[in-house]
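We call the chains A, B, C and D, going by the order they appear; numbering starts again at 1 in every chain.
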């Protein structure tokens, strides 16, 4: 089951569950996988930044991949961004052998010019092989690499194995419109566009032509509902649900704090046993916890899933 | 009427009105000033990035200051960030002579270390004189300069003329808590903290100890209401109002697009005659206008001020 | 006498002389201008970073331009980089009215993509007018903006008023070769290429096709000699002279310290009355002065001009 | 044989030899190790950026370490910078078990504030253990992280296992003076300071108090001679030799091109069988090769080791 350009719906960016002492919590890996499936996701993305991938030993990364692939029954995308192509190749070939559906590659922060970005993806494809479907991660806010629509278009047209864009440029609505127009004009192969940025603009991103979301918001069921409502043409209902969640979506979007909030809510929802992060961990203050609790209590008035 | 650390409420970041041909629209300057006052602002900040300051001739900058100061009757803060201290000094002395209440200074993007930031503000104070009250603009997302609480503390303690922090670090809730704690512990003079970032976190920033908002959201009356409700201890009502506006607040927070959206809404509200920007202008597509209209129509269900 | 693509030789980046109390030293402005002419420069560039331009009042900038243009009798290029197009336009039109030959424009550090860079120069030309010859400053080390040869080619072809490249990319030898090849292949109009970076690679830059140097090294006479020797085909002599100066060229290339070293040497050579910088000034320690003196004494063995 | 603060002389940054088809050239690993020893180095640094470490599989990294440690008989420092602490810990513990003398850690480019830098090294020490001697790599030009002397002082004082600074700030002469003064004033433990930056300022860095060089210049024998001459108080001779090499030192200092030049010269000197880099490789044009050959022929007039 390899990833292709028809992918849509919600690919949850999966958290990685740890015990309070820092050991991997393999029981919670299963529980969390089941939780995501019950939320209606169409796929999972593991070993991303939000999955604390840089804190994992290589064997742990492969072990998690094996466990999630074996359990999920949906396509699994694995983050393989690395400072060198040797490590990228090892991990990419390794996880594909374990049954992953594709890999995601972010550009290193040092890239500046259009040619550098296009060249980097060419080198990455040469390293991992052109038989592995891959996702471009377009995340200038964190990565400081800015890709124009024409750069993305060139990468897509240069590499048939490029099947998806993880869109998290900000602002990025016009970018989706331009990429979709380029496809309609016959200038670019069709690709799947799933949106990140914590879902902060998902309401309009879908209306601009995105196929869904790829993000780690702790209510993936809301994301799935919004995608479904939009597909069914129930625009106002989609926005009503989205707007009810927006205060929390926005709160989770705080870099550094976000993962702590996310694990805190996932634990409350029973998806993981502990909200512990492996060191070095970001922390959530008591004030922040109280703020999240308050947001959840307000959300619960509209969405029972937030009632604890 | 000089700015001091007791400043609170809402300082609107004022737009600069232009005719469609690029000339300054002085009639709208008055109309917009009146609009802000009717919205309940306690002050105004002019000649910031959102005021298209870099597109103004020096004489225009002084003319606008003269006009707004003469009309407003509230404290006016003027942005004087400049690539050199000569230009900063000229503008700062010039606008204070015209009756401005204080100036705002952003650090240049090249600064990296704590000492460099502290040193830069010392040089700025030496340049403009220590008799001009000034505001630190702490905006890492755009300026790439990161100030820790202890750096801000040192700047405040080094310079009695430092009376306010424009807080737009993100995430920044813990920073407000730390600065307030430093004051309580006797480690820092008291300062006013007004929050930017388009108001995206204003709800909780106030609860953490901020004194109000300094931002350009096109409904400064909402910002003023939220500040007032929080001051009166009506927390739930404050959040209800804030949350109703959040989808639009978030939409306006898109860099580049934001000013176009803001002027579009201000024009709809009758505050300016034209939403034109002086060149080079950011543009708002027809799709984006339709999205803003949709957000306004949804907002109008809760807040009549958004009904047109 | 407007700048055009046939410019060659040495354009010295002129220092700005100050009295120890910070006032402009107008007597030394004349003396320094004469010194540069005696050194054999073919032009001068004033109001650059090394000219402490950001510390000058607008009237001072115009006064210096008037004085240098009136005295020099060679083409004067004026740096007009500014945070906004209004200030850029004012300064550019002002200095051209005073007889400047052209202006130099550096891209702002926020630019990232090829399109952003090309678009910025289009906006700049629209602002200043397409009748003013301009120089692209390509200085990624300081400005963080990276321009590929094809980006430079587009800017040149888009704007007939683009007549020169100040080349200070590093490494940049292949870039010169590529630009010259693009011209030979009929893909780009001819432009003048003068090299900066303190002259650190001037020996080979000339051999790759550069027309000369635009830098502030305190021995512009050496730069002029090296250009002349290369033009006359006396390669080994050119390198012998260059290599003798290289230890000092390299020492001057230290950012922050460089200007202090440069003014110290210019004062020793009698070109300016004081090595004072206007505040905020970089300083040269006693140890650094002793190091420069040592380098000069060593240099004097090969080049009498360094004997004091 | 663990690294400590008394380290001095020259630690060559070792290249990694490959066959033209990209396989590791283990015969040349021995030959190159012997070459360095014959050049008079006191230690070696392997798996740095110049060693193409990111292109190596983890097993290859350990194999090279084992081979070089077994052969060299001098202290080996291993670069263990990594995007995550798990990988850093694995590699650090692994190479120490193989007999490495210490590890080198560069800060990730995202760090900005003093506290972030100090905190990062605390986390790194916690990850690898406080029994492994480590080197701070202070290289702002490439890493964009700026460390003040007081930040370095804090890291040194916080961690007894911090024994060396790889100094490649630029400009950095005053920094060495300040760090040595801090030690003399009893404010900082003593550390070894070895200088990088391709050796471009080694002449004066030694006079400011550095203990030697850690860089990859293709004539480590020259570096060793300069260090020795300075130690013996033969200042003029040290500068004479250094200055003869400076044109080539400077040429090698071009980022991207530098490694290709270095391997080209090492191959000429017989230290490696092929100048091939593993993909993605930087290339050296025919023009650049001819320039290097010309520099070598000029150098050979003063230093027979450059005659081929």
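By our rule, contacts are C-beta pairs under 8 Å (C-beta built on N, C-alpha and C of every residue); 3 or more make two chains touch, one makes a residue touch a chain.
Note that the structure is predicted; figures quoted are calculated from it, not measured.
A.B. asks: Would you kindly say which chain has the C-alpha centre located farthest from the C-alpha centre of chain D?
C.D. replies: Of all chains, B has its centre farthest from that of chain D.
A.B. asks: Between copies chain A and chain C, are the contact residues mostly the same numbers or mostly different, with half as the line?
C.D. replies: Chain A vs chain C: same; shared/all numbers exceeds half.
A.B. asks: Could you quickly compare B-D and B-C and let me know which has more C-beta contacts?
C.D. replies: B-C
A.B. asks: Per the centroid of Cα atoms for each chain, what is the distance between chain B and chain C, given in Å?
C.D. replies: Comparing mean C-alpha positions, chain C is 38 Å from chain B.
A.B. asks: For chain B versus chain D, what separation do you get between their C-alpha means, in angstrom?
C.D. replies: Averaging C-alpha atoms per chain gives centres 48 Å apart.
A.B. asks: Listing for chain C: what residues touch at least two other chains?
C.D. replies: none
A.B. asks: Where on chain B is chain A touching in the complex?
C.D. replies: Within the complex, chain B contacts chain A at residues 170-171, 173-174, 177, 200-201, 203-204, 207-208, 239, 243, 246-247, 250-251, 254-257, 285, 287-288, 291, 298.
A.B. asks: Touching residues of chain D toward chain A in the complex: what are they?
C.D. replies: On the chain D side, the touching residues are 53-58, 60, 82-87, 90, 109-110, 123, 126-127, 279-280.
A.B. asks: Over in the complex, which chain D residues touch chain B? Could you list them?
C.D. replies: Going by the criterion above, the answer is residues 112-116, 140, 145-148, 150-151.
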